[in-house]
Every structure is written in structure tokens, then in C-alpha cells.
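Next come two complexes, and both contain subunit A; in the first it sits with subunit B, in the second with subunit C.
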Partner chain A sequence: MLLITCPYCGARPEIEFRGGGEAHIARPSDPAAVDDQSWAEYLYYRSNPKGVHAERWLHVHGCGRWFNAVRNTVSDSFEQTYRMGEPRPDATKERR
Partner chain B sequence: MSERSAISVSVLGAGATYSLRIAPELVASVREAAGFDLTGSINTAISTGAKIAARLGPDEWLLIGPDGQSNALSDEIGAALAGHFHSLVDVSHRNVGISVAGREASMVLNAGVPIDLGDAAFPAGSATRTVLGKAEIVLMRPDADRVYRVECWRSFAPYVRAFLEETAREFNSQ
Partner chain C sequence: MASDLSAHSFRLANGGRIDRSRPVRFTFNGRTIDAYAGDTIASALLANGIHLVGRSFKYHRPRGILSHGSDEPNALLDIDRGAGRRDPNNRATVVEALDGLAARSQNHWPSLDFDLGAINDRLAPMFAAGFYYKTFKWPRTFWHRLYEPAIRAMAGLGVAPTESDPDRYTQRNAHCDVLVVGGGPSGLAAALAASESGARVILADEQAELGGTLLHDRISQIDGRAADTWRAETLATIAARPDVIVLPRTTVFGYYNHNHIAMVERVTDHLQAPPAGLPRERLWQVRAKKVILATGAHERPLAFADNDRPGIMLAESVRAYINRYAVAPGRQIVFAGVTGSAYQAAADAKSAGLAVTFVDVRDPTQCGEEVGELRALGVEVLTGHTIIGSVGRKRVAGLIVAPVNGPGDVGAHRTLPCDAIAMSGGWTPAVHLFSQSRGRLQYRDAIDAFVPGASAQSECSAGAANGTYDLAATLDEGWRAGAEAAGTTASRSFAVAPSTRTDSGRARSLPTDRDADRVRAFLDFQNDVTVKDIKLAVREGFQSIEHVKRYTTTGMATDQGKTSNMLALGIVAEALERPVPEVGTTTFRPPFTPVSFGAIVGQARDALFDPIRKAPLHDWAEAQGAVFEPVALWRRARYFPQAGEGMHAAVSRECRAVRSNVGIFDASTLGKIEVVGPDAAEFLNRIYTNAWLKLAPGRCRYGLMLREDGFIFDDGVVARIAEDRFHVTTTTGGAARVLVHMEDYLQTEWSDLKVYLTSTTEQWGVIAVQGPKAREVIEPLVEGIDLSPGMFPHMAVRVGRICSVPTRLFRVSFTGELGYEINVPTGHMRTVWDAIIKQGAPFGITPYGTEAMHALRAERGFIIVGQDTDGTVTPDDAGLGGMVSASKRDFVGKRSLVRPDMLLADRKQLVGLTTADPKLVLDEGAQVVADTKAPIPMKMLGHVTSSYWSDACGHSIALALVSGGRARLGETLHATTPSGFAAVKVVTPVFFDAEGKRVHGGLEHV
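Entry: the complex of A and B
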């Protein structure tokens, strides 16, 4: 079974978690000033990389906390997990 | 295999159960409310007499007290936490407790619980929210005996109980 390391609970089985899409997408601070294209990009456009990807995860059947994870979309290996609000770890910058 | 009736699965009586949410930095100064010890770290349960305080998340506790004291207990907890921003919800009617006891109780639970229940990973005093089959449960091991407490939502209880009884049958036959 795939184990995911929750920053609060430690290594736990995948079945306790729920994925939440790409991480570090900031909502525009002044939505009224944003044109339609930028707003659409904020809402719908995602990087969808082949390789290392930062994404949000929820430990729904556990501590109930959201956290961020760096996962390789090719191998499905979780390289790192970190708490919400912490910056994305530099060592795993996206390879393009 | 084991002795006959090595595993007992029994539904526990009603209890006064609460869900408490409070920031960890506030709890550091309170430490205790109405006999519930709130000093435990995440995924542990502390029993004091008939009261169990299980910390399920950084800011979440499940408090289980004796039945019949529901209103008195919530008043007491509220008084102890007065002045500290918190939320206290009476979930007595939402929860059903099931006891799984016996030498191989952890094997019965592991038929549906995906976490490691070995003594090293889930020692006495552990408590966590997890899943059993298709139902979400809170699993507690109050002391070193092989007695586990499964707390689930009321509507899941027939499923959880049947699941455990069916699994226990394998260990109780012969």
C-alpha cells in the first residue's frame, strides 16, 4: 500500500487521504481588476506536468488537515510533504 | 488457532461524547477541563477514570464521559474553557462505541483498518481517526490490554458491528 507522510500524523495509508489539485495557486488580491483571461487562468489553467508536481492533499480520515506534497506524477512517489503556508521546497523545483 | 471465544465484539453503552475544537496554543494554558486531560500529543488518548480525551488532530479532541452527565459535563467543560475561543459540540447521539477485546483483537481490526496496529506503531494510549472497510471510525487503545474501542457514527454502526463480528468468527471457530 502506498504510504503518504502526513506532516501531523506521520506515514499513513493512501486510502485515508484525498487529493486537492495543484498547490500554490494564489487568488488575485483584487479580482475586480483582473481581466477575463487572467481570471480564467486562475480558475482553470493548471500546469499538469509530467514529473515533479506540488499539490494539495487532505488527511480526511485522519487529522482532517490540509497539507502540501511534492509528488512525481510519473512514478507516483511522494518526495516531500509540508504544512500549508510553508514555501515550496527549493530542492524539488519543477523540471521543465 | 486460538481458544473459543477468544475475541469478543460488544456494543458499549451510551456515553456523553463531545467534539472539542480549540487552538493548541490556548490549550497549553488550560491543560485540563472537567476531568479531561488535554495535554496529550496528537493521536493519543488519555483516560482519567471513566473519562477519555482523545486528540485526533492538532486542534481537535474527542471527549467521552459517563452517560447521564451530558448537560453537567458540557457546562463544566465550557466553564473550564471560558475566555478561550473554542467550539464544543455534544455528539453523544451521533456516536456508537464498540469494544473489540481478545488476544488477536488487532488482527480482527486489521481486516478492515489499514494502519499498523502492532505494539510499536500503535501502543497503549493511542487513538486515531481511520477507516474500517468502507466506514470512518475512531480507533482507541486506552491501555496495554488487547481491548480496543471503535467509535463510529450511528448510521455506520450496523455495518461496523457486522464487519467485526464476521471477522471475529474466523478466530472464534474451532
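Entry: the complex of A and C
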């Protein structure tokens, strides 16, 4: 079971959280202006990397807040967790 | 022989850790076995001269006790502790002897001594690797019905218990700075060092006593004290320190992510009369900052023909039985091996007064001074010999050896008579947990074994688990690991005398002059895999060790090949003519040893297995004789049968009451979310498909919610209580996910909106009063709200009191009748409910359940999200295109509704179906087709989503999702039935009161 550090509550076991998929996929500000392909990419296309991945988590059985995390999908180690709205941490730390 | 079978006939006169003042008696296959406290079942059987304890998995060969620990592959027994307390597949080597316990051997018929299944041993040439795959292929249908049941009955381990387990199991979570796994010398040293600085330490060991090899070490002196004295003192020191938990009988079986460790503590199995209230087992989940793996090593057998006879054991185990349990596994023991540790075992056997011979399969030039030392004790030592085979059947009677004069040159056979053989083919560090932690193994040539390499988590291995076998080095390494884990730099060095014999040769398949294709040298004793099987697999083209494992099943039994894997790997490498590290290892998976279902399940059984949410009126409904159904985690009253009524009659009566008079329904399970804030209306405007900005306070609106992909996500009535306050209702099952969905958008996309969301599902109880008489029933009870139609129209909400209780009174209808949904604080619900029932009695008020509610709403064509929709249904598909605001610039899901696929004419659309036979109620889920004569697989047009008997219509009704359904109105299609097809007519999905006048009640449309 993962140990996830909620930016508001600290380190808590994975069962308190719900995963929310890849992070930093912004909803287009004017969806009507977006063509079909771009909209499909927004809805369905994800990077699914082997390695460093920025993803959304919800501390659903805790503070109820959404936040972002950078996790290595190979080792499952969390590089960092950070609040919504903060930029993705420098990706130069990528490993493997 | 008679004397051999008397009580304690193989018990040594002195020594051992058993308590001779506390005799214990249990039975083995009905025979009484005399033992002492401190014995395991295995040591007690051996003390009574019993080696034959089981039949092997495939060939039903007689098998004995191989080891003295949790690595035991053979001695699997069914253990019965009385009334429902029976477990199969217990390793006799770890079960502690207890008065009254009944042990039975497994996998034989009719008896252990005479097993008809042993015919398999004669037919062995048939049962080569892949036998089942190759043989039972045809015909296909036979596998399930004939082959598998027959094979399972024949080749199996124990029989699962049929009674419910009467014991209690608990679970516990813990945190610590340092978790030390294993209480042998390195583990004790590690725990000693770690606890010195005050760190929180947990020390867990699978055995009844901590100490590991020190428990049977009679010669080593540690820092000038006898090994056992050092052990006892160290353990006492550790246990006395604060924040230290020492757990014997506790197996660490799983190493998961981020140092999450699972272990099971056996709490009462060893107690003669367990105190009430203690659980049988306790599952620990530990989150450790640092884990020290001091898990020791497993000894390997030697691969010679017929190396599996009862009486053939591992050398260190023979030493343990002699020194720890004061048991002679035999009186005349032949040791055979390649390790220095086997020489020590032989020396100990000799000094216990047993006749000993030693066969070293290494070339004399590879042997060290241990040969001379053992000879000096008067033991015959043969070096440079190979092992040709063994003699005996239910008990070994001799070992056939021969000198190796050169490559391929095997000399004259000699049979060494014996009643036990102690073999040692090397040592394998127990890297299971390290490997589970996803650490990388590396091959160390000097000890012919894989040892821990690069770590993936915060752990470190020490002692034999790390390939360090010398006792002094083991203690130093353990100490260092413990100190480092606790963050100190203290160092310490242990003085040990005499030094440990750690040399080890490399044993593979032994040279023989017999036909290699005819002899069987066992590698995996539990799964009956031989050297020949491995070689056959390699000849048949299997190259990967993972494939060889699965094809031959080596290492796949409940012992996971603890004793056998490394030897099997060596044989594969030999057959492939590749070095061991190139062949690699198979994956180690949890659990390290089998774990009871009880420990995993813990308290989550019976009523606690799947928690049930009860609506506020559950007890009332139960007292009324309601039949319940599960809805998400809730139990809801489905219908209220009166005496002699079946479901159909009850539901029809309940529906009729609502349509003609008045019904009352507990709708409390509806999800409720209070949406508050200056931007609440704007927020709902973006979340729902329809418009909210202009909804006036005091009004309600039915809302439809989509996911961003355009499919219906949830629905429900929303009431505007005030400018900045909405009372949102969701489906019963959707409450939690709707809140998550709303919070997601609020926190991540529109964080500028000032809105607060609060779940109020449990705070509001909801009483639906529905039917033409609804107003007359509740009017006298309501205070401060004018119920007259002009003042309180359909889809209005008022705040006031009912029966003096605060209420949010909704005038809404899910039945199509004049109706109210009365929200009251949950704690007052019963009072209000009782008052309404009393008030409604003259009107014939009738409680109705979910089944009537469903039928009533289906008559009006109201959908249930999740029943009539399935995550691929758009508003237009559901016939709710009118709910989608054309004027709103954006809302969640809007853009997806104009993707090309969402506009196709053949999308499945919600329609009504009526059956040609009006009495036939279709199955929900029935497939709809156009042409019953079409070839199979025929094209499915859709399926029935809802289907009921309609009392109001006098015929059955159904809703269905049908491809291009709205263009098919009037068409005849066919729905599947259990016996074939039924003709159905496609109709508009509204069956009753098509104009929707009844919600306004009698007064309004006159």
C-alpha cells in the first residue's frame, strides 16, 4: 500500500485516497472553439509513461482536497506532492 | 522394532529445549503420540520413530520429514483442534505439540501405509513434465467435467474444512522506526543495536522461540558466553527496553510498497487453554521507516536418485532435532554433502552417541581440514564419492555410494546401511522478502547463490539472508544494520569461538552410472518435480526459467520451492550450458508461507463482511414484514406483503393505492448535497445540462448531469432554498461520486467560484407522500406553509414545520401523481412518519416499496440513471434532449454532445416496448433483435432496461435501449426470453397519463 503525502494532511495510507488520472490537462477555456480531434485528445489521450508521471489524487477520506503528485510509475516512489494550481515541479529530476 | 515404536524410543537421554516435566499427548492418524512441551509435531513423531508422514502429490511416494522449519515441503498434515478448528496442509515442523490435538496425514487412500494411489509411482514414465497439458487435451468438454475433478481428487494436498471457523481473528496497524524480520543471531544483534538509541523497534520471528540457529548451537561461545546464554541475555535486554515489541510466532509474509509490511501472529494455537477473548491470529500491518531482513538461509537437498525416502533429511535439520529437541532422527546416520555446516552437524550427532558416516561428494582436493577433524572423532569420511541412490521404501535403509575416479568414471557401488540420511547441498539465502520489496538480486559465485543487491526500498539484509554465514560476521553485520537503521554510528564487534565452518562446494546432478532417464532425483518434493523433468523441459525448448517453472511446476507448491529453487536453477543452468546468473531467478511473491483466510478476513465476516446502510425507517419496515433489496450499500424495503400476498399482488396493491388514494414511501436514501455560496447558481449552471440562473428561490427543477464525455452521469431534483443556497438531490447510489465530481470541478477548474459543498444525505430523512389524496393527508400536519395549489404548485419548495419539526417540503413527484417529498431531520423522521400514517389511515394510506416506486415511474417513462442508462447514453439517447440548454455557452459535457459519434442515427435510444402477450413481463437485460431467423450470431439491436407489470395499464410495460429506436415506433421487434423470443411493439416510453396532468391533482385541472 502506497504512503501518500497529502499537502494538507501529511503522509497517509493509500486507502484514504482516490486516484484521478494524469495531471495538468487543462480543460479548454472555450470548448466550443475546439475541434473534434483536440477535444478527443483532451478527453481520452493520456501519456501513460514508464517513469515519472504527474497525476491527480483526492484525499477523499481525509480533507477532501484534490492535489497533484509526481510519481515514478516503475518504482512507485513519490517524488513530490503539491497543491492544485502550483506548477509541475522541475522534471529534470527524471530517473530511469 | 517393537521397542523402536514405544514412546520416546528415539528421544535422547539428555539435553534439548523440551520440558520433560510437561508431557503432552496428541494423536497421529489415530495413534497416541507421547511428546513434551516444546516439541513440534515433527520432533514428537521422530522421537517416536515415525518418519513416514505423507504421500507425495503426484506419485503418491512415501514421504517423511525433510526439515525442521517453515521450508518443509513434505510433512503436511491435517490438524484438528476440535469442533470446527480443522486446517489442512500444516507443516508438521512448525505446529507445536499440544494435548488433544489430532494430526492426520493427507493424500492417500485407503491409508498412509497402504495407498492405492502409489500405482502412479509405477506409472511414473507417463507423468513426465507437461503430462497434464499433453494428455488431457481432448475432447475439450471433458476437462471441466471429468479430467479436472478426477485429477483434483487424486493429486491433491489436504481437504478444505467444511464447517464455519469458530475462532476470532483480529487485525492491527503499527508504525515503527525499525522492523527486524527474524530473531536469529543477526536479527538479535540488529534489534539490540537499534533499540539502544531508543528507536521504536519491532522484532518478529516465525518460531515459538527467538534465536534461530543459536537454539541448536551447542559449541559456539559469543563474547565468552555459551550461544544460548548470549541469546537469552540479549533477548531479555531488548525486551526490557521501552518502545520495543518482540513478537514470536509471527511470520512476515508480505513486503509491499513504501515499507508496508504484512505479518501474521499466531496467538493461541500453542496454548492448551487460551484465555477467552484472545484471537486465534492477529494480522499486523506495519509501516516501518527501515526494515532489516535477517531471515536466514534455507539448506538445499542433494539431487540423487530416490533422495525422497522417509528418513532422508537436511543435515542442519538433523542437527536441530538432536540438539534442540533431543531427538535422534536415526541411530545410524549417513551424512552426505558439500558444506562445512554438515560436518558440524555430523560432529554433533557423533557426540550425541549416534553412529555416523560422512560422504563428501567433493573431490578430496576441495575439502578442508574439517575432514581430518571429523575423522579424529572416529567418523568414517568418504571424499570424492558420488551418490548412486538409496534403498528402503517407507523408511530409508541404506545409501548407495561409489567413488568417482575421473570424469564419467564411477567406481564400485557400496551400500552404507543406515536408518537416516542427512544431506546438505549448500545454502540459499532467504531473499524472498527482499525480492518482494522489488530489490535486485545478484549472484555470488563463492556461495553459489543469489544475494540481495540494489535496494528498491528502505531496507537492508543482514546475516545468512545476505549470504554471510560466519557467526561472528553475522553478528557484526546485524549490529551494524541495526545501528544504521536507528541513525547511530555506534559500532561493536563480537568475538565468537570456535569459528564457523562456512565452506561450501557446488552440487548439481551427481555423477551416476545408472540410466539417467530411469532414475528419479527429486528437486521439488512437494510438487514431485525431478531432475529428469527439468532436463526434459529444456530439451523441449523451454529456455526461460519462468517457463520451465510453469511447465514443470517446480517451486509452485505451497512451500514455493524454499528448499528446491536454487538446486533446480542450477540444474536448468547445467542443462542449458549457461551460467546461473544468465538464467536468472523466478519471481518471489507473497505470502512467504501460507496465511489463513481468517487472518486476512479478520473481523470482516458475517454482518461485518459488507457493511449495510440502513435507512432511518429500517426497523419500522422490518416490523411491517417488508422484503428488502440491496441498493448500493443500502437495504431498501422492496415491498410490504400482507398476509398471504406474493410480490406481484403486493406491488399491484401498492401501485393501486398510489394511483387511487395515497401511498407513503421512505426516500431517505436519496443523495443530498447542500450547495451554498454567492456563486452557487453559476456553479450548478456549469455542472448541469439545464439552466439554473433564473430559477427563483422556492422553486425546484429536475437536473441532468453529464460527465465531460457527454454521457449521463446522474440526475435529481434541485431546490433553490435561497439566492445562495441549493438543496441538490442525487440518485441513491450516486451520492458519493457526484460530490467527488463536483469537488473536482470546483477545486481544479473553477477555483474562483465561491461555493461550498456539504453532503447532507444522512441529515435529511425523506418521506414521499404520493397520490390524489396526498394534500388532504398532510395539510393538517403542516405549519406555516400554504399548501393550496396556487400558493404551492408542482415543483415548488417551502421551508416550514410539520408536526412541529422543521421541514423542507418539496412538491415533487416520481410517480406521476400529486405528491410531496417531506424532508425532516433524520432523528425526527419516525415521529413525522407515524403522524402521517395516522392521519392518512382514513384515506387508506399505504406504504409502498422500491418495486412499486419503479413500476409507477416506468409507467410515466421516468428513467433511473444506472438502470435505463449505462454510461454510454447521451441526453438525446434517453429522450431528454429537451433538458439540454441550447443557450448556455458551456457546461460539463456540452462539447462532447456534438462529436460526430454522438450524432449518429443508429445510436441506442430509449423507447417503450409492449408485448404481444399482455401478461408477459420481459426479463430486464433481455436482448432485442429484428429477425429471429437471422443466422447466429445475430445482430442485437439493444436490450430491455426496465420491465414491470403495470396495474394501471392492465398490461406489462418495458423500457429498452434500441438502436435507432425512435425511428422504429410502431415496429414489431423480438426480445429474448428464457425459452426463445417474444414479439414486442416499439412505443413511446410513456405508458400512463401521457399528458402528465395527474401531478397537478384533482383540483388543478377542473
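A few points about this structure:
Rule of thumb we're sticking to: the second predicted complex is superposed on the first by the 89 of 96 C-alpha atoms of A that agree within 3 Å, B and C clash if a C-alpha of one lies under 4 Å from a C-alpha of the other, contacts with A are read in each partner's own complex, and residues count from 1 in each chain.
We take it that a contact is a pair of C-beta atoms (placed from the backbone, for glycine too) under 8 Å apart; a residue touches a chain by one contact, two chains touch by 3 or more.
Quantities reported herein were computed from a predicted structural model and do not represent experimental measurements.
Contact comparison for subunit A: of subunit B and subunit C, C touches the greater number of residues. In the superposed model, A:M84 makes contact with subunit C only, not with subunit B.
When both complexes are overlaid on chain A, the residue A:R12 reaches subunit B alone and has no touch with subunit C.
Once chain A of one complex is fitted onto chain A of the other, the partner contacts of A:G64 extend to both subunit B and subunit C.
Of the two partner chains placed by the overlay, subunit B and subunit C both lie in contact with A:M1.
On subunit A, the surface patch touched by subunit B in one complex and by subunit C in the other comprises residues 1, 13, 64-65. Within the complex, the subunit B residues that touch subunit A are 42-43, 56-58, 60, 114-115, 128-131, 136.
Put simply, subunit A touches subunit B in their complex at residues 1, 8-9, 12-13, 15-16, 61-65.
Of all residues in subunit A, only 1-3, 13-14, 18, 20, 27-28, 30-32, 34, 36, 39-40, 43, 56, 58, 60, 64-66, 75-77, 84-85 touch subunit C in the complex they form.
Residues of subunit C that touch subunit A in their complex: 256-260, 285, 287, 438, 456, 708-709, 740, 743-744, 747-749, 751, 889-890, 894-896, 899-900.
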